[in-house]
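One structure below.
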Amino acid sequence: MEYVIEMLDIRKEFPGIVANDNVNLQVKKGEIHALLGENGAGKSTLMNVLFGLYQPEKGEIRVRGKEVKITDPNVANDLGIGMVHQHFMLIEKFTVTENIVLGSEPKKMGRIDMAKAEREVQEISERYGLRVDPRAKIENISVGMQQRVEILKTLYRGAEILIFDEPTAVLTPQEIKELMEIMKALVSEGKSIILITHKLKEIMEICDRCTVIRRGKGIDTLDIAKTNPSELASLMVGREVSFTTEKTPAAPKEVIFSVKDLVVKDTRKVDMVRNLNLEIKAGEIVGIAGVDGNGQTEFIEAIAGLREVESGKIYLNGKDITDLKPRKVTESGVGHIPQDRHKFGLVLDFPIGENMVLQTYYQKPYAKNGILNFKEIYDKARKLIKEYDVRTPSEHTLARALSGGNQQKAIIGREVDRNPDLLIAAQPTRGLDVGAIEFVHQKLIEERDSGKAVLLLSFELDEIMNVSDRIAVMYEGEIVAVVKPEETSEEELGLLMAGSKRQKVGES
Amino acid sequence: ACGTADDEDTGNGGDTENEQAEGGDQAEEGGATDFKVGMVTDVGGVDDKSFNQSAWEGLKAFGEEQGMTEMEGYTYAQSESNADYNTNLNRLVREEYNLIFGIGFMLADAITQVSGQYPDTNFAIVDSVVEADNVASITFQEHVGSFLVGVAAAQKTQSNKVGFIGGVDSELINKFEVGFRAGVASVNPDIQVEVQYAGAFDKADKGKQIASFMYNSGIDVIYHAAGGTGNGVFTEAKDLKKNDPDGNYWVIGVDRDQYEEGAVPDTDDNVTLTSMVKRVDVAVADVATRAMNGEFPGGEILAYGLNDNGIAVAETNKEALTEEILNEVNSWKERIAAGEVEVPQNHDELEAYLGNL
Amino acid sequence: MANKKYSFVLVALISVLLGLLAGAIIMLVSGYNPINGYAALWEGAFGDLYFTGETLRRITPLILAGLAVGFAFRTGLFNIGVEGQVIVGWLAAIWAGTAFELPTLIHLPFAILVAALAGAFWGFIPGLLKAKLHVHEVIVTIMLNYTALYIANHVIRTLLTDGKDSTPYVAESASLRTEWLTNLTQFSSMHLGIIIAVFGAFVMWFLLERTTQGYELRSVGFNQHASKYAGMKVDRKIILSMVISGAFAGVAGAMEGLGTFQHMYVMSGFTNIGFDGIAVALLGGNAGLGIVFAAGLFGTLKAGALNMPLEAGVPSELVDIVIALIIFFVAGSYMIRWILSRFQKEGK
Amino acid sequence: MGFFDILQSIIPAAIFFAAPLIFTALGGVLSERSGVINIGLEGLMVMGAFVGVVFNLTFVDVFGPELTPWVSIFVAAIVSALFATFHAVASITLRADQVVSGVAINFLALGIGLFLVKQWYGKGQTDMVSAPFYRESIWLLSDIPVIGPLLFSKTYWTSWLAVLAAVLVWYMLYKTPFGLRLRSVGEHPMAADTNGINVNKMRYIAVIMSGFLGGLGGAVFALTISLDFSHATISGQGFMALAAMIFGKWHPMGALGAALFFGLAQSLSVVSGGIPLLKEIPQVYLLIAPYVLTILALAGFIGRAESPKALGKPYEKGSR
């Protein structure tokens, strides 16, 4: 069998860490090859080596049997390798078309032939079923749409070998389904795909083979047909992993948190949350299900004091916390694991230790009379790092240098440790590996069991179904239904999220 | 500066030896070989085309005449900022210069301090007054010179509108303004004088804008006392003259004879009507000579003016500065010399002066 | 950690040496003797106690201006307006130093405080505009430099004097000069300000690295969103940062007013202290101690430069070239680091 | 003075004042759009003014009065472009802090300029050039009523070259592949890199072009306004150009407008000084007016300007 890609004995070091330790990867033509590994295992690094963004210290790369030196992405492009990066490589101020044609623009008399470019984009997008608006600006389109643009970029360049680095982490279930179809279509055209994902279900569904790496070392390559999720998971983590979250039935007590007729506008002054009502009791996890863009973000930002409330009330422990400043909200007993961890969750240029007290630095014992006590701060940091298994060379390492999963664990540690009465967890497991997901879920449940109210926002139905005690479905800024996970199904939730129930209400 | 100066020195070295010896006899303290004289420039530097340069030329002429070597017998220290004055003065004191000039009113405070600390060294300050026994204060009657160029401007203007552009609004520059206005009014009180200060000595662009506005509003003679800002005034005048050779666009230069600056290239025209020349070189050489001869005018305020050639009205542009104008200027010169006219020096005196016309 | 600091010092030293070497080459090429040139430079900076005093005096405001620029930088703000803040600080110090009669123990701190407040106010304006209206601080501070210059000249001529070009001297009780320092340094204009400046560097370090305010300022400098999420008042921090930065600059002005010059005069141009402060801050890595050293280097070169034409006939502009080259080498220390790391690797 | 006369005093003066700032600000736009901060604009202008004047003085006999100023500004632009490679090497290849490197450029330009003037002329400033630019009337256009006399009669060709340059830069940035790539590099260099664009090469080109334009600005200043070169020739214009660039929101047309605004504010203050009614107002208000006006304009209606996203960050492949 012919390999289109062979990466042999690849070694890549970063200061203080060996990200790839003699890893091998062989991809056959026409297959979807999964690359599996924990957070920070070195998957993205390996792919960046293949794409020419990193130069390996050692190793050999062969494309279609020929040894090549991929010195920069241009070479990769020429070899027919395209990559959809984990963090999108899109220029927000540019349009979809500009992003796609950038670097190989159609020209007419020295200027960009924008009409032709748009036509071409339209053509490929129709051919592969990747609907986009060629003239929209990236900053104005959804994440799913942005991902299509990324895929179009590679196709526009005629890529034959496509690398997808965690493409599904940011997509809604519907979008994921569409993406799978697209991948299948691509493979049927003879293209080869390397897919990185933490979702074993996806691997089982569409991949042909799977290479597992652990802590920078290549562990094994398996045929998907001859394996199962738990084998994959234990190979990758190095121990047994349980998939269904173990939890006892909830024992909800008094109402801790309630929202009455909340209305919130977004920056463009459009109502995003409309007359929303919700209650959460002590000792329960309420999951918010819904398609991205139905006001979830605005809802959470309003609770956290990051966004102004138009009308309505928010109560915590019977106290009105509507429109309090973020500091006051926090002090009233709200913990918040933000959706966008790089933007809100961390100061990436601070050491991880200082990030651990981002909400509490001004309180005793971390500060007295306005003077910081670094001993206390770093003692705390060390404790949290240990307790939450944050993998970092030291507490003095900049947060920026940590892998996404570890950054997330640090935030969770920080927020949970403050012992809030209400814990808001917005997409807490996005991009995390199965081991880490298990850990996060456990923490959420522990919080619940110690009598806290937990508000979980997730676009993953699995997560919502597994972790929540009650599920509130959000559609167009309203809670359109509250159901119990054991009394519903993914299908029903899907319908609710699509707004079909609301339509029924409207008709009757 | 250094390269050329050195060449000249070696060229002259041989035949001036005698003169040096002669000068030495007259000196009171030791021989002339011991007499060392230095100057400290203000931030303009020795090549500012203005009084620093002029002072240095005077000192150099003096030194060469006495057969001294540059950097040994006579020298200058350049200041890059106001914070350098003290250091530079001290530097020269330490190298045992007998007489040290501070060029420019900005050095007044530094001279005050250093002269107090070193009573055995003689100092001279140009353009300001420092009261100390070992300091000679060299001032110029800029107001008088400005008065005379004001007379010339009044004679020259056809629109009965003239202008004055100052650098920074300050006592010294006010003296130029006041003298000029008095001179203009003395000839014809109905002539309008438009006055603007650019706020800086280094804004040629603003100088040009002001000049552009002035000429455009009918002013035909502009007197500038604005250093580099004045460059813009010349540029504007030459530009207008080039486009309109028959038009009246005159500039009166300051400090030196700015005739060269006024030449309109590729034509015979020159927009420099005259210049208010301030002979710092004459004053510096004079004080240096007197000091060498043991007649240092310590504690005195020397006001160089018309009589001692300290102030002059440039007559280079014969064509523009006609006989008639020159006669008028000279007649005022005589009246001033005779004490018939007391030229005002500040705004209050100007008010009074204009009131009496 | 220690290794890192050691390598920073090494890199800085190599940069300075390379800069001086380049200067020597230029001197050679233009026909000057570089040994004489540098001897004159050294002589002019530290030749005797007098020159040492003058050099230290020159370094003083540079440190504070560097701190001002550096402090704002650490909060993500570019304060090109230190120049203007120095001017208003100077002016205010003179006012406080001339308009009151108080015992030294009160007068001097009071005058410095007034200068700091004036500088702070001049920093407050761009801070406020940035925080509330998102106006770019770079433009506002550039504009405020000119505004400060012209207003100061006006105030000197109308409010502080009666049409004069320079103000009276500050009262003895508000002066930073002391007899013993003056005598010790053979009548140099050195004054106590250097202590204040070094203390200022300590204050900056302490404020930024050890206090909750500093934590917030740094946090806002890196990530405004996360800071807001963490309950910090981002707007206020931006203003505070500019205010503190301006206060440092104001104190730099006080050094000139109460120390070096003892008065103020109508200025025909900028002092350049603020602009040099930008170079100093960046050379010093925007950190207190680094700024002290950078100002030391900068001030020494500038002071020594004055002596070069006099003793070696080398134009002082050459020193500007040398300074620029040193800045380039420090800035481009990536190359030096790279070469060093090669050596270290081979050494292993 | 009639209204039209006042306009006649304000507008042409605003334009010649603005022209050097326009060129230089455009240079700033190019550099910063590619992600490289350029506070060395002042130094680039100094270099341009220095070379422009020296070349003019030296070669006036070779090229004659008509051609010399043109050749001079061109040579000045080329030399400044080469000079800007210092900034490029330091801030792009050596990943120096871009602000530091810009500051060094400012020191270096003045140092080199004055040092060489001393070496060559033996004094601190050059003579005045004998072949500067002169105002001219532009055929046909100057005959248009009202705007003809205001804009096209007695104007410098270089002023119109500045306006043309703004249009060209705009066209290049927003209509050509080169411009798209240049902007992409300043927004998200890694994205550009993955699209096969050589980030550092683009940045080099942008910085060098900014040197070209900055040099042009300085030379045009010297050959239309100061006519000589000394330490005082360029005194803050580079920073004003920087302000114009930001004021203009890093857009070529914005920079053009901002530079004209500065020119207008400045010439308004000059004209106000000559209006009898305003005579009583202390000079200081007129002196600070242009600067205060700028601040007010910014605060009042220009509002937030977003800098290119990757501005100031050296690009390191694969850094996070």
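Letters A, B, C and D mark the chains as written, and numbering starts fresh at 1 in each.
Here is the rule we go by: contacts are C-beta pairs under 8 Å (C-beta built on N, C-alpha and C of every residue); 3 or more make two chains touch, one makes a residue touch a chain.
A quick note: this is a predicted structure, and the numbers were derived from the prediction, not measured.
**Student:** Counting C-beta pairs in contact, does B-C beat C-D or the other way around?
**Tutor:** It is C-D, judged by the count of C-beta pairs in contact.
**Student:** Whole-Å distance, subunit B centre to subunit D centre, using C-alpha means?
**Tutor:** 34
**Student:** Return the distance between the CA-based centres of subunit C and subunit D, expressed in whole Å.
**Tutor:** Averaging C-alpha atoms per chain gives centres 28 Å apart.
**Student:** How many angstrom lie between the CA centroids of subunit A and subunit D, rounded to a whole number?
**Tutor:** Distance between chain centres: 46 Å.
**Student:** Where in subunit D do residues touch two or more other chains at once?
**Tutor:** 118-119, 235, 283, 287
**Student:** Would you mind listing the residues of subunit C that make contact with two or more other chains?
**Tutor:** As it turns out, subunit C has residues touching two or more other chains at 150, 153, 269, 315.
**Student:** Residues of subunit B touching 2+ other chains?
**Tutor:** Residues 2-3, 169, 199-202.
**Student:** Touching pairs of chains, all of them, please.
**Tutor:** Touching chain pairs, listed by label, come out as A-C, A-D, B-C, B-D, C-D.
**Student:** What residues of subunit C sit close enough to touch subunit D in their complex?
**Tutor:** Those in contact with subunit D are residues 30, 78, 80, 125, 129, 133-136, 138-140, 142-144, 146-147, 150-151, 153-154, 158, 269-270, 278-279, 282-283, 315, 317-321, 323-325, 327-328, 330-335.
**Student:** Which part of subunit A faces subunit C closely enough to touch in the complex?
**Tutor:** Listed in rising order, the residues are 304, 306, 325-331, 336, 338, 343-350, 354, 358-359, 361-362, 367, 370-372.
**Student:** Under the definition above, what is the set of subunit D residues touching subunit A in their complex?
**Tutor:** These residues of subunit D touch subunit A: 171, 175-177, 180-181, 183-184, 187-188, 190-198, 309, 317-318, 320.
**Student:** Show which residues of subunit B lie in contact with subunit C when the two form their complex.
**Tutor:** Answer in residue numbers: 2-3, 6, 43, 71, 75, 77-84, 86-88, 90-91, 94, 105-106, 108-109, 113-114, 117-118, 167-172, 174, 199-202, 346-347.
**Student:** Contact residues on subunit A for subunit D in the complex?
**Tutor:** Residue positions touching the partner: 48, 51, 53-54, 72-74, 77, 83, 85, 89-94, 98-99, 102-105, 107, 110-112, 153, 400-401.
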